[in-house]
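Two complexes are shown next, each including chain A; its partner changes from chain B in the first to chain C in the second.
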Partner chain A sequence: MGRLIARRLLTAVPTLLAIIILSFILMRLAPGGPFDGERPLAPEVRAALEAAYGLDKSLPEQVWMYLTRLAQGDFGPSMVYRDFTVSGLVAEALPVSLLIGGCALVLASLLGISAGLWAALRAGKWQDEVLMLAATLLTALPTFVTGPLLALIFGLWLGLFPVSGQNDGWDWLVLPVVALALPVTGAVAKLARAGLAGELGSDHIRAARARGIAPLTILRRHALRPALVPVASYLGPAAAALLTGAVVIETVFGLPGLGRYFVQGALNRDYPLVLGVVTLYAALIILFNLFADLIYGWLDPRMREG
Partner chain B sequence: MRPALVIVALIVLAALLVPPLLPFDHVAIDWDSVRVGMFTDGHLLGTDDLGRDRLARLLVGTRVTLSVALAAALVALVIGVAWGAIAGWVGGRTDELMMRIVDGLYALPFMFVVILLMVVFGRSILLVFLGIGFVEWLTMARVVRGQVIALKQRPFILAAEAAGSPARATLLRHILPNVAGVAVAYLMLTVPHVVMIESFLSFLGLGVQEPLTSLGILVNEGAEEMDMNPSALLLPGGVLVLVIACLTIAGERFRDRLADAAR
Partner chain C sequence: MSEGYVVRDLGVRIGDRAIVDDISFSLAPGEIVALAGASGAGKSMSAMTPFGLSAGVASGSAMLDGIELVGMPERDLSRIRAEKVGFVFQQPLTALTPHRTVGQHLQEAAMQAGGVKPDKAAMVAMLESVGLSRPEERLVQYPHRLSGGERQRVLIAAALAHGPRYLVADEPVSALDAALRGEIMALLVRLCRERGMAMLLVSHDLAGIEHHADRLLLLEAGKVAEAGPAQQIATAPATDYGGRLMAATPRLSEPLHQLPDTGETLLEAETIHVHFPKPGWRRGRIDAVVDASLSVAEGETLALVGGSGSGKSTLGRAIAGLGPMAAGSVRWQGTAMPPRNRRSSEHRRLIQPVFQDPLASLDPRWSVADIILEPVKWLVPHEYRAERAADLLEEVGLPRDFAGRKPSSLSGGQAQRVAIARALAANPAMLLLDEATSALDPLVADGVVALFDRLQRARGLSLLFITHDLALARRTAHRIAVMEAGRIVECAPREELFANPQAEATRRLIAASG
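== the complex of A and B ==
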């Protein structure tokens, strides 16, 4: 397990490097820059600003400068939000995104796994059919449709939850988290059902049944862990889906999370902010994939590497 | 599978055939009836706040979303089938390297790269589907590679090789036709995925641009005025969900049927 972690962290470095350099070049190819405002700046002012942010150097030099600073944990200053560092902005935004994403992941896993297991135990019956159709419908619900819709029904019409912004309580979380969790719930339910249904038909379960072991014990001791392997392997992509979904959800519900900074930063050509957020997202996704693999190995010893 | 496909076919036919029959097109402004409700002045679904016919916009938006999705899925199909077939056919080190690249790309937050691409290159519709296509070919490549490797050991391929058929002919004439079924099943599953990505980009204002419209743009506009006019959100949102759900159901059934047939 230690070797798996070490190897993953080693391959993470080139992946992160590649994505940073790719994003860096893409951003610089874009027409327009962070200092294009309503009024054109005086040429001296502009030159001074560009020199201050290192924009007057060649592209490879800039990339190198960025990477050396990043290696020291410094994401650089924001070019549009003056007097703010990217680290400062991210430190404020990341907890909001992680809170929404984390709650959505937990909710989706609990609901999805229970629904999937229940359907698998009734495989072929009408409850199974209905649940799986519902799960497919859930996966077809884009967050940018469910977000406004939930806000309309539960916020504006029923007045149960706030539709915009953050408050000191917890009720502002409900609508964003539910909107974010719905499609993931559907996907988890399908995977859990497929996993358990496949497992229940396998030879070792039939052997356990033949030995007269109680159905509940079979489920708990023999079938459940391997049945959840597909769900575990979906955790990495699910984390990515939650992060992208959060971009929309944060816009719809007016929450100060990372996704909003990313879109705003890209539109304002705030190079360091965009790079910082992309790097962070990439690191989070790599981390989640590693987690998923560790859970994988725990669920199914055959999958353990090295 | 059937009812799902019928629904999709009806939506496609409506999006293709109905707009020319309507008295208004999707950009024409009807100055005398701006922001009117349903069934007024010949506007079946009313008009938006610029006086444009909502029905025409809904149908044209559906058409744009579906064509972008189909084009992007085809890009993904071509790259994925070529990549997977070559990796599976050549095997060995080449296969190892090609599949490692796919694994690596899977780990990237590609949605963000696509957003960057859209911001950078002026949001042309061509780029929307090229960009999405380049992101979506990975699963296709994996599936096709698996299929090719399974086919390589089948007697009829060995027979073709023994009969002296050149590698290219074997690949084109014997392998690819047998990969087609699986490729089509995954194409059907790629389309709804791309529909989702395109609408997501358009919703953020990064995808399709005016005067064209798409379901994502309509959902975004609908969300702005949903407190006064919920149907502006519900109709495009409903069509979007229906298309994605039906295509997913049909694709999955098709894929499962193929898997059963192979067994």
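== the complex of A and C ==
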């Protein structure tokens, strides 16, 4: 297991490098730049700004400069929010995204897995059909529909939860977390159901039944772990996406999370901000895929051997 | 209370379909009764359904020690299974839970009827009694670390852990390597005799059970065709069905049939090596075939025999140009064949393959005619194609109007005949038969073997016959090459091989097939 972790962290370095360099180049290929406003800047001002941020150097030089700074943990200054560094912006926005995403992740896993298992145990019966229809609907509905809908019903009509911004309590969290968790819940439920339904028909379950083991014990002891393998493989990348901020939810509920900075940064051509968020996002994806692999190993010992 | 297991007028239905119809038999304490028959005859269904372990619904009566099992609620049936019966299944590879160790399985099995938790010494003793080597080490291992035979031994140990009076074994050796089958079957029988257990044995392999079972029931289409002492049925079956089943089962003791005459040497393979890199990130390589040489003459059948993993399929594929070859040469009528990526369509025409799983080797979306004619699509003018496909179907013993069918509407035997017709379409000089009959039912397999014999005589075909079944090789092949661990350890005409086996591996195979 130690070897698996070491190997994965080693292969993560070239992967990250490739992602950063590619994003750097793609960013520059997009038309426009950080200093294009409605009023064109005076040429000498523009030249001074570009010199200050190193934009006058050749592209390979700029990549090299960025990478050397990154290696020292410096994500550079934001080119649009002039008084802030990228690290400062991320430090401010990331906790909000982590909180919402983390809660949504826990909620989606708990709800999705329980619903999926329950449906699998009633495979073919009406409860199964209803749950799976609901799961399909949840996966199909985009958050820009469910978000405003939840805000309308529970915020404006019923007045149960605030619909915008943060406050000192916890109730501001409810609607964004639920809206963010719903599609993931649907997907997890479908995967858990398929996993367990497939597992229940397998030979080793029949062998356990032949031993006269009680149905609940069979479920807990023999079926559950292999049934959750597909859920684990989905939740790895999904966790990374949830935790790094959801643009739509943050916009709908007026929350200062990382997702909004990312989109704003891309629109403003705020090169360092976009690259900083991309790097963070890629690192999290790699990390969570590693977690998913470690969980696989626990769920099924065959996967401990590469 | 009457001891024993008594089945009267047992019926099994799945939905509206009757699978088993009015079967009656009894199993006295300590007795071994075998259910045999062609596939689809209802053997497993008859054995498993009264215990609630199949998809079927039972009717009639099945009394275990005076307790009626048919119609019993699942909760009570589950207790009966836990207390009185041990089960051994066909698939040792999948019947153990992957994330639980061997020790955990044994512990659960020993406690299933409310027994005390076994200590390590007790579990080691269980594994020793089923002949598993290094038992202490095994206890903490996960199932995937064990081979198929080792897993079946663990499953047998688990089935016996709670001291049942009855054992139900559903094809316990058919998924195992040929060399192991006799050994595991003998182990089951010895354990039954030692412990006074009764065993209900399901098997399609008559040659493998006739010496072990006390009584034998031959099932045909859900009914008992013939029942009686196993030895008597095996030697002198009373019914036509019994006779056909017995004749279809190759035995080493049967008289040798005359095989067609052979001609000049056609194919010579010399010092063939095949190796593969080890899977995953591990260094090194696996030597699948080492220094293998063989020759096949015109109209001759050469059998490649060996256990699983002995390299027989890999060697066959290398010769036919279907798989990699690291070193060695293949000559056809004295001329060297180029390596596989430079073989022309003419080279490929000469050797055509037929594989083990007939349905997996046919594209389910294609019609039978398209499948058969794919190799020669551009060579046969459009107006002659239907005619050609029908001729080939007729040659392999299928109705001419099968051309429009899809593979999903074919039985296993029919699908294999279509695969043979496809191989013949290119007008080959040699067929590579890779376990071409081992996925088939004995009666169907016998028909396909007869077809090969007919084709060989009519077309002068050479056959490279890869099989794990030594008795089948003896029945069909002029010469037999025995493979072990990637090497050909012995190659001799069949009479000579059995009269005077040279290699240790040959002697072991002969002993296991007897």
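In this text, the second predicted complex is superposed on the first by the 298 of 306 C-alpha atoms of A that agree within 3 Å, B and C clash if a C-alpha of one lies under 4 Å from a C-alpha of the other, contacts with A are read in each partner's own complex, and residues count from 1 in each chain.
Heads up, the rule we're going with is that a residue touches a chain if its C-beta (ideal position, glycine included) is under 8 Å from a C-beta of that chain, and two chains touch if they have at least 3 such contacts.
The shown structure was predicted, so the numbers you read here are calculated from the model rather than taken from an experiment.
Peer 1: Applying the document's definition of touch, where does A:285 land relative to chain B and chain C: first, second, both, or neither?
Peer 2: Once the two structures are laid over each other on A, A:285 reaches chain B alone.
Peer 1: After the superposition on A, what does A:125 contact: first (chain B), second (chain C), both or neither?
Peer 2: Neither chain B nor chain C is touched by A:125.
Peer 1: Taking the superposition as given, does A:263 touch the first partner, chain B, the second, chain C, both, or neither?
Peer 2: In the superposed model, A:263 contacts chain B only, not chain C.
Peer 1: Once the shared chain is lined up, is A:209 touching chain B (first), chain C (second), both, or neither of them?
Peer 2: Once the two structures are laid over each other on A, A:209 reaches chain C alone.
Peer 1: With both complexes overlaid on chain A, does A:220 touch chain B (first), chain C (second), both or neither?
Peer 2: neither
Peer 1: What is the contact status of A:152 with respect to chain B (first) and chain C (second): first, second, both, or neither?
Peer 2: first
Peer 1: Comparing chain C with chain B, which touches more residues belonging to chain A?
Peer 2: If we count touched residues of chain A for both partners, the winner is B.
Peer 1: Please output the residues of chain A touching chain B within their complex, sorted ascending.
Peer 2: 11, 15, 19, 22-23, 26-27, 29-31, 133, 136-137, 139-142, 144-145, 147-149, 152, 156, 236, 240, 243-244, 247-248, 251-252, 262-263, 266-267, 274, 277-278, 281-282, 285-286, 289
Peer 1: Chain C touches which residues of chain A in the complex?
Peer 2: 7, 202-204, 206-214, 221-222, 225-226, 299-302, 305-306
Peer 1: Chain A touches which residues of chain C in the complex?
Peer 2: On the chain C side, the touching residues are 51-53, 78-83, 85, 87, 89, 91, 94-100, 108-109, 112-113, 142, 144, 155, 158, 280-281.
Peer 1: Which of the residues in chain B end up touching chain A in this complex?
Peer 2: Against chain A, chain B makes touches at 104, 107-109, 111-113, 115-117, 119-122, 192, 196, 199-200, 203-204, 216, 219-220, 222-223, 226-227, 230, 233-234, 237, 240-241, 244-245, 248-249, 252.
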